[in-house]
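I am attaching a structure below and will ask some questions about it afterwards.
Think of it as A, B, C and D in the order they're written, each chain with its own count starting at 1.
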């Protein structure tokens, strides 16, 4: 495990909140406001960590366990997600399955924590969360499958290594499609517009926010930090596809960081440009993403 | 005792018993029935052993003839009558309309043992004419057993049974005559002796033998309840008192089939082709299918069992038509079905007495109402529809082997289809009758006689289903060889 | 081997003893339970010794029954399948006595059926003779009938028992034909003779495969032959359901695998058939499960789903054999077989948990339950572990087998052959859908039953179960975790079984499995990290909150200050989005009275999740057939002279035919 | 005996006439009388058909037959008719004209069938063979086409006659025991049926078999 391998996780840990801040800042800018400072997410998390907590009357320890477990899974995910073709801290055949498993575990924990409050709002949010997740999981698997087929590897490290070097040479079309579906997944998994509006104040329209409505204090801090990390992780999967061929590792890493920044801005733009879909149309959005990857796969087969 | 005497004794005991009943008191009558049946069973068993050991036996200068085939049937006959007599005592002892008046008791005893004698006569007679006489006698003797308690329905059933079977038997006699006439060169006075006819050197006229078999098949087939000439059967079985129904299903039908089977080897020999076998297979399959159809929508428990008899007689006929292995299976099935069906009729009969109806929408909760008969009902019907570990599963397995061996795929398919239909519908009826809360009847227990009958029957069904003694296999093989060729 | 025979004897005799002294309930219960546990332990001993020794034991006696023989053998494959049979049996027995504690006196007789079921399953697994196999199979089909109809006072139970036995009998019919056919061609009913006739003859092979797939599939619960599961499992006592779902349906899988070993080189389309059956059963099973609001029905449908997963694995393995890719063979079979054991563990656990819930709250209707985790913490914890395991979450046993399966999918993707790659993609899509939906379904199940506030008085006053019941659940839960953490070793340990099931040399299998277990080793390390991290975070928040303080308050009600328990999200509403999305497949019958206007009158929602195949396929078929059959009535019209005419007509027809 | 064919021919023709009479008449009493005539006539067949002289046995059997079929059975039936108080009419399902037409058809069919069978049964006189088949057919027809239980018994007895003839002309020598057995059976049959009809008529008011159709399915 060399220095660059360690760089990626550390960068994520440090910069993930900044990524969120950048998105918000972009949205504010487009809306013509000054908006919160870039460091605002750090402050929020820090503030929350120092606050006390309030729990519903019927809750069990599960409600406390949820955020912890969710955050932990994402921290571990950081270890296996490669960054900019520099490979991942830990890389082994089938690690992408573990990644999917980790996401599933984190989600399950969050959902149960939400249901533990016994509030109908959390129930509603959880229901929507599992609904969309159930569709997003195959999408993610197919996208990764396409990459595996392109690169002939089943560990993220070598997949991204190969993509960055050879991938674009012959399978550009497929890669582009996969890229798009990754972007969609980024929006879906992290409940961004057009799937969900993290800044809305109408509970009935929320997904992720309403699910964590009754979390407070450190728990909420964990959740927000976790959300930032998840944005970063999936973003890394997307940015990693970029053709950084034949440049030095450190240069590639810095380019990738730029890429992440660009992604944040892009998300910001999307969020400002698009309106939130009606809940019934969201599944079509996700299935569309899955279809894109599937099409990409077919392209490879024929 | 020498086999010959055993044969005479069989007839003698039965006849004497029948006559004795005419003068006896009601209670002793039923006891006497049990005793006589027991003696008959003993005699039959000894005869069976003797035949297996020393080969076929004859008596009264070849008027009587017993080989492995008929000896086996004699044993089954004895067993069925013993069980039925045991049950009859319980059944008639029960109060209410089913109790026996003095005259009714005498009538029952005389007719019961009389029909026993008649069936023995059928089984032991070497002369096809005498066999026919015995068969006709069974019809006439059993007719009034059906209407033991005369009422509109039982009389109607009795009249149908009487007329249809008499007509059928008449045809059987025509067949008998043709068979005798078809012998070339003529055997003179021995023209009706089965041993003579079955002798390899006998030559037949094919056309006459063909006609003869057709008449015999239709004639005795009417009595055996093969579709489509089974129409009397459900009526008679549903209206007769339970012990009588049990005896009908348990052995009367098999007796008729036995008569047909006596002709089959002759026909095979005369025509040298599968004419007889094809007819048996055809009517067997048809009976199975028709019975299955009727079982689907049956409401009356005893009619249900009656159609089961049609089905199983069909299975047996089918087996006889499928070569040596099939014949083996058919014989095995005969025993299983007789025991099983008797038991089923006992259980349903007792329930019917207590519920005052045989409507399966009325019968319910047998297991709670009377554990003994509930158990009997469960075992017997489960066995009837071919659930392992009961012996009928095994005999049907043997039948399947025979069918596959004969390459009779269509028949196999139809048989499996029909038996599945029967399984599904009969199972539903069984569950309704056995489980749940008994509505409209009070719990009751029956004494040692009942327990004995149930224990023996279920024990045999289970034993033959799990461990068939090897000597029994040999015995069945011999019996099969007598009419169906060697295994 | 003697241990096995001994265990069979103990089981049967103990069962009979329980029946005999059913009058003295306590004694009967004791005998039945003791026999079950002792017998199962003996059986486990036999199985394990074979697995360790690695070489089969075989005995055969002469059986007078023509066309049959008494030949039993424990080889690695049999021993492997004996593990769930005896393991689950022992634990359900431990559980069952307390469960039946306050049932009606006759209940003790159920030990007979329970023990006979175990014995019969074991006999099926070790039988090496067609007729013996069929006999054991039929007993194994009959014993549960009496378990299903245990609570026979309820019409629904009687109906369930009927459907169960009818379905299983239809399946057996195909097996009858298969074995009779094989015995006829081979000239012997001994398994040894089958492969000889099968190797050469591919048409026969395909025929036998189809018969086996239908016959064994109906027992295992492949869609559409699954209809009996959702009826039978809820009806039976929970520990019986655990045994049936945990062990009995696996015996169907065993039969399939055993036949595959005898069938020799498979044709490609067999693999595709298995894969298709698996994917269909998996996806439909979990979808139907989503629509349920009866906990045990829900679990029953998850059995269908998991059987689907197992079949996908075996399908991949068979495809690998057909196309000559040892890696696929190893991974596919390993995934399928491991999932057999895993499913019997967590499904057993979940059914036992459901049993405890029923015992405590007297219902398994989701909408009546809630908040049980605080009232029955142990049961709740075990059920949670079981749910996480069945969903396939790391680091539990379910994850290991699903990891192997998805891994084999990816392995297939990398192969140049388009066909295999397509198969791999199918696997991935199916697994993705299944695990996602399963997560949704168990979030719903666990959430509604154990979390939130109780929705009924019974749930309000629920109490924790008796120690023995907890004991068996805890044991199973521990097994879930243990296998999950021991993943790498488990996978290596499968080598022998996979070799036996696939017929490939174990060296080849081992070589193919090593990378997978290597990855699992690393993955397990990661999970260790995960646990450590979670612990750290937990301590950190604890430390923070120790200062900042914690208080309880009503949850956010959007300003509404008086939330009642009825306002909680119900199971139906939780699943509604997905159920609506897949309504084409689920075909749920819903009766909705939507609230209207500003001051809506009473509104209501009712959903009936009767099985679509039962409702739309089987019932109409039977009704139609009944209609057809009842037409026969016209020939039995009661007019005697026409009856006589039948006789005459038959005679004349035959005469005419004969004289032609 | 040279007179044999002529005698047989007479019996044959008269016998056929009785059959047609049975088909045509509407009165039960008449039916029964025709039956007795028929019985007597055909009981003579064995006596005549015997080419090897008249043995005591043959005469004895013939006598028994005449006694039964000519005297006892008709007596029983007539007794029944009065005791059971039947309508005097026959009430057929099939009208009398149609019945007679059927008789004609049956006649033709029986002729052809007899021609079929005769080669096989060369020593049997052709006319009697045909008569036997014809009798069986008519008997069946009576059972099938008549409402009245008594007439059904009559039909059964007509079949019985046919079989008797067949036996007499084909199997030349059957053991006495068999013959007697057959006679006994016929005897018992008539009585059993008689008692049955008696019970039925007492239960149902009249032995109109058309009413015996409650048992179905």
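We take it that contacts are C-beta pairs under 8 Å (C-beta built on N, C-alpha and C of every residue); 3 or more make two chains touch, one makes a residue touch a chain.
In this text, all values refer to a predicted model and were calculated from it rather than measured experimentally.
Please indicate the chain closest to the centre of the assembly, with centres calculated from CA atoms only.
When every chain is reduced to its C-alpha mean, the one closest to the whole-protein mean is C.
By raw count of C-beta pairs in contact, what's the busiest chain pair here?
More C-beta pairs are in contact between A-C than between any other chains.
Indicate the whole-number Å distance between the mean C-alpha point of subunit A and the mean C-alpha point of subunit C.
Chain centres of subunit A and subunit C, defined by C-alpha means, are spaced 36 Å apart.
Rounded to the nearest whole Å, what is the centre-to-centre distance of subunit A and subunit B, using the mean of the C-alpha atoms as each centre?
79
If you average the CA atoms of subunit A and of subunit D, how many Å lie between those two points?
Centres of subunit A and subunit D (C-alpha means) sit 101 Å apart.
Suppose each chain is reduced to the average of its Cα coordinates; what separation in Å results between subunit B and subunit D?
31
Please output the residue numbers of subunit C that touch at least 2 other chains, ranges allowed.
Residues 633, 636, 638, 640, 644, 659 of subunit C each touch two or more of the other chains.
Mind pulling the subunit B residues that touch 2 or more other chains?
Expected reply: 159-160, 163, 167, 207, 211, 234-235, 294, 297.
Which word fits the touch map of the chains here: line, ring, star, complete or other?
other
Could you run through all the chain pairs that touch each other?
Applying the touch rule to all chain pairs gives A-C, B-C, B-D, C-D.
List the residues on subunit C that touch subunit B in their complex, please.
63-67, 131, 134-135, 138-139, 142, 149, 152-153, 155, 158, 161-162, 165-166, 169-170, 173, 176-177, 180-181, 183-184, 622, 625-626, 629-630, 632-633, 635-636, 638, 640, 643-644, 646-647, 650-651, 654-655, 658-659
Provide the residue numbers of subunit D that touch subunit B in the complex, in ascending order.
Per the touch definition, subunit D meets subunit B at residues 117, 120-121, 124, 136, 140, 143, 149, 152, 156, 159-160, 163, 166-167, 170-171, 173-175, 177-178, 181-182, 184-185, 188-189, 192-193, 195-197, 199-200, 203-204, 209, 212-215, 217.
For a test of understanding, state which residues of subunit C touch subunit A in their complex under the given definition.
370-371, 373-374, 384, 388, 391-394, 399, 403, 406-407, 409-411, 413-414, 418, 421-422, 424-425, 428-429, 431-433, 435-437, 439-440, 443-444, 446-448, 451-453, 515-516, 518-519, 522-523, 526-527, 529-530, 533-534, 537-538, 540-541, 544-545, 548-558, 563, 565, 567-569, 573-578, 581
Would you pull the subunit D residues touching subunit C in the complex into a rising list?
93, 116, 140, 143-146, 152, 209-210, 212-217
Taking the complex as given, what residues does subunit B use to touch subunit D?
Residues in contact with subunit D: 63, 127, 129-130, 132-133, 136-137, 140, 143-144, 147, 150-153, 155-160, 162-163, 166-167, 170, 173-174, 177-178, 180-182, 188-189, 191-192, 205, 207-208, 211, 234-235, 238-239, 294, 297-299, 303.
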